[in-house]
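Shared between the two complexes below is chain A, which has chain B as its partner in the first and chain C in the second.
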Partner chain A sequence: MTHTAWAEATGSDRDLVDRRLVAWYFVAALVYLGFSLLGGLLMALQLVRANPLQGIELLSPGRWRMIHTNAVAYGFLANSFLGALHWAIPRLTLRPVLSRWFSWFIFAAWQVVVLATAGGILLGHAQGLEWGETPTWIDPLALAGLLLVAVNFLAPITAARGPLYVSSWYFMAAFVWTLLTYAMGNFLPEYFVPGTSGGAIAGLFIHDLVGLFVTPLGWGLMYYFVPILLKKPIWSHGLSLVGFWGLAFFYPLNGIHHFLYTPIPMFLQYGAVIATVAVELVVATVLVNFFGTVWGAGRLALANLPLRWFYTGMVLYFITCFQCALQVTLTFQAVIHFTDWVVGHAHLVMFGVFSMWIFGIMTHLFPRLLDRPWYSNRLAEWHFWASTVGIVVMFTDLGLAGMFQGYYWAALLPWEASVDGSYPFWLVRLLAGLVIIFGQLCFVVNLVATWRNRGHV
Partner chain B sequence: MSSLAPRSRAARWTALGLALLILLPSLWGFGTKFAELVDLARGQGEGTFAVSPVVNYLLASLGFLLLFGWAAVNGMFHDVERPKLLLLEREQMLDAKE
Partner chain C sequence: MFESKGGVLLIGGLGFFALALVSNALVPVQMYRDLPEQRTEELVNANLMYQFEDLSRRFPESFEKYYGKPTREQAAEALALGRRVYVAEGCWHCHSQYVRPVSNESRRWGAVSATWEYQNELQRPVMFGTRRVGPDLSREGGRRSNDWHAAHFFDPGSVSEGSPMPPYRWFFDGSAQRPNRRGLAIMAYVQWLGSWLESYPYYEAYQPLPRLEDAP
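The block that comes next holds the complex of A and B.
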């Protein structure tokens, strides 16, 4: 059926999109974001020696840290992406997902997986795999959940005829990659490939989770939402395909750069460095495309809040990728390895880029999902500015802290000297975190007021 | 049309020359490194630990190479700019129905 024929045959996009499900995915995401921010706050308080939960084993800082990272990845990002995909894919393909009932079942099952992961971590059942601490007994369930997600979304994409839009390519790849990445990281090192080889796979896992789960879904959604909000097509669809296939071929080997200066053979380490630099070139094509698209419509991108979220995230994406091309070299690694520089980089990617894109999508979609405008535009602006200022200060502060720590260690000063030297930076990090939390509170208050329909201010 | 033919033939030869210039050294570099990997895996027990991440990467890339070939054969790269216009048309249509 052509899209014109479909339009004649149906009433509206409400036949395609289950708006209630999209809204509930976003609500679930925001609840987990709250837990994640709480975990980050407790960890920041621990570093400035003000942990209010001192001495409680179940709520010890190490466990809260894992709640912080897992809640972001599997609670906030995964739920947000699933909600946004339930909006984007049916509208993109003009076909509903495989089954609405199936979608609601996946929604419920995914919340069980995330909550069970949190419970397992707090009870001390975490795996020794960074960002894959999910207890081993949950792994098969999570994998089955990812398989169901893939089946549900691939049905409308594969049924579409003719050349695919680049978002569809990114989404298809993400469903397959996420499944494979999760299986690789959570089964190979645990059961089949122990020791250093398992370590190398753990490196692939943590980076592939960023590059093959979060990145393709994030870019796929940007390629969908940005042209729609700008009301003009992407600058070059051909160039966007270059970006997609470049990611597909160069990204998978990157993860080993997490283990430079380890017993892993040098040719693998060099391969990871070269592949990482190659990905930065691919990233440049993507950014050129998006800034080529906004060329001539810069005022609109500043005035329209969702677009401002998107393009701020892209500027920060450029910074994080530029940083990556430098920090992946052995020379740079000699200074920053194991320091807070890496923590700053991770926060910039996860909050400064992908969370910002998600906030932009939520800011755009919630009024449509609830059929009413935002309760307060001022609160929406506060959300944007507090998040942006908070993450820029935090990233800069942690970057500086990392440089100081690296040089303290290189000078062979006592460990305590680096801890004392880091203390002022950790205080600033705490303040920056509080600003970020304030921004999210503005968003939640605004959302609750909008939902309760108190009227537009 | 006739004036375009020689230009497109020249473009084809240029593309082929550039492809050979890039692909041959790349294949040579990849081949020698792969041979080193095989030697490593055969020669010393400890070397085998390097194999699993490389095999993971090669399998993933092979999958995408096949997908790329399938996409090319099925016309996914014909009229390559058309999908971006279709996206906006569909969105306009859906919004109008709302």
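The block that comes next holds the complex of A and C.
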């Protein structure tokens, strides 16, 4: 395909979308993904006692584990989402964002926030809250950044006339929720509420960050991209409504399920368990809706790589949620809490679902951003298969490891028995991680080659 | 309403979030409002002072250099710093601080955790933890000597064979005999854990089962 043909096929949105900004967001996201993968690799090597960089303060696996999770949440996911939103929202509302200059300012400011967070963690200024490790002095800055993001994107959405499309509901709610969640988690348990009740808030924070920041943006983007790629509307508008409002009502009530059997009042724990099971039912309606949409076009969903990313992510989303409905019960918790089961679950959500959707979006958008097709479809396929095989092996392996660990502990075997017993699982996890890293390398090589391919298409 | 901007922003965005915050966070806050939050100085007890003085005798040069005399004020300072180190190094990503009423945990670690144990400055945010690669630490204090801890932080494998815990050389001035400011602080912090309980120090109330390969 020639240059002009690409330009025509990609529509006439030059006044709406700042393509360079989208591309820069994606590149920044991939850089942080690289750091995150390195952090994961370091921790995996440490667990199998093969870490070659021991005893160096700035390379401490404990600190890099925090880099690992924070780089994924605030570096990779946040940047990718912002990039994708800069594409989706102007095209959806037919209005540009508030200001182009402002958007670039936000881009730069957010990179400062992410890099400062990483620097702070490495230098030992972390806070003691998962995903809220962001050093205290960065929190107000990050919060201001999130406010600017909300203003910038809410401008075109609120200015749009006529009925709102599903994606807009998710986006609007996500901007409000992310802001509130960040403020709640980073200030209340740190400055105002100690101990157990602070723990309840920490639970809300951990959970809402996935449920009210990552999930609504992810689903909002799926509601946007899937119908476009399938060239057919979403199957049921009614189910879209059920999905959104069910998520909005039940998801925020789940937080305490992260701390079952703690001294947090038991009736609140029961409440969180019930709300969680309710969320899984809601999720089922969303999945039914998306599989209803693809019904009859299954072949296309397999042949088209971005669609395959999306639907693989959705299958894994179903597995995640099914896992969650089981593991949230007190029966399961007694065994699997504090084990690698939970680690496997977290990887399945963050990599198996949302990263997959992002890779699908990037695979779809980069040719449109750069006005040229992918350098190599084979590398793109390798990216998909290595990621899929890697994550499936990893979460299966960690889930099994978790059950072994849980029963070792309950059986009152010496602690070392659970460590020795975990060793083979940790080895498999390391290998699965290397496969995932290999997949991402394929993507980066492909991207660099595509980028340099300027001129001869 | 369900598809309007106002509905999404006010009911979904603000309303449901506020509902969850009130029911899941403000309710426990209200329930525990009568439990006072202890300041670090109030947490210094006889058990901690015993350990702190022991540190000053075992590592006299280092202790003199970084803390001077083992006073209560110095102990409070070490405790606060120890907790900061515990957070900064991500100890809480591999060690929990709560004993659950299930899975035989009270036999392994002692009394099930209660709310009042967490009502203090050092539990902001609370150190429940998220994963147990290593054991729970909420009743760890007093179980092992300060020498053991120094050797363990310097090179975990030397006293705990096959341990996947990384060495923390930067807690020391070159050797396990010379813990620095942070090293003394983290040891004081670990020895403090559980020191508020009658059962301090807690030793396992069970005989470990024989390992499978040793069984007849």
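Rule of thumb we're sticking to: the second predicted complex is superposed on the first by the 442 of 457 C-alpha atoms of A that agree within 3 Å, B and C clash if a C-alpha of one lies under 4 Å from a C-alpha of the other, contacts with A are read in each partner's own complex, and residues count from 1 in each chain.
Methods note: a residue touches a chain if its C-beta (ideal position, glycine included) is under 8 Å from a C-beta of that chain, and two chains touch if they have at least 3 such contacts.
As the structure is a computational prediction, the values presented were derived from the model and not from experiment.
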item: Chain A as common anchor, with chain B and chain C clashing or fitting; value: clash
item: First, second, both or neither for A:Phe244, with chain B first and chain C second; value: second
item: Which of chain B and chain C A:Gln127 touches, first, second, both or neither; value: second
item: Touched partner set for A:Met184, first chain B, second chain C, both or neither; value: both
item: Which of chain B and chain C A:Leu47 touches, first, second, both or neither; value: second
item: Partner chain(s) touched by A:Thr158 [first = chain B, second = chain C, both, neither]; value: second
item: Residue contacts on chain A - larger count, chain B or chain C; value: C
item: Touched partner set for A:Ala410, first chain B, second chain C, both or neither; value: second
item: Partner chain in contact with A:Tyr261 - chain B first, chain C second, else both or neither; value: second
item: Contacts of A:Pro252 with chain B and chain C, given as first, second, both or neither; value: both
item: Which superposed partner A:Pro233 touches (first chain B, second chain C, both, neither); value: first
item: Doubly contacted chain A residues - partners chain C and chain B; value: 163-164, 173, 176-177, 180, 184, 188, 193, 195-197, 200-201, 203-204, 241, 245, 248-249, 252-253, 255-256, 264-265, 268, 271
item: Chain C to chain A touching residues, read off their complex; value: 2-5, 8-9, 11-14, 16-17, 19-21, 23-25, 27-29, 31-32, 35, 37, 85-94, 96, 98, 100-105, 107-108, 113-115, 117-121, 123-135, 157, 160-164, 166-170, 206, 208-209, 211
item: Residues of chain A defined as touching chain B within the complex; value: 3-4, 7, 10-13, 16, 91-92, 94, 162-166, 173, 176-177, 180, 184, 188, 193, 195-197, 200-201, 203-204, 224, 227-228, 231-234, 236-238, 241, 245, 248-249, 252-253, 255-256, 264-265, 267-268, 271
item: Touching residues (chain side chain B, partner chain A) in the complex; value: 33, 36-37, 40, 47-54, 56-57, 60-61, 63-64, 68, 75-91, 93-94, 97-98
item: In the complex, chain A residues that touch chain C; value: 46-49, 51, 54-55, 57, 60-63, 65-66, 124-130, 132, 157-158, 163-164, 168-169, 172-173, 175-177, 180-181, 184, 188-191, 193-204, 208, 212, 241, 244-245, 248-249, 252-253, 255-256, 259, 261-265, 268, 271-272, 333-335, 337-340, 342-343, 405-406, 409-417, 419-420
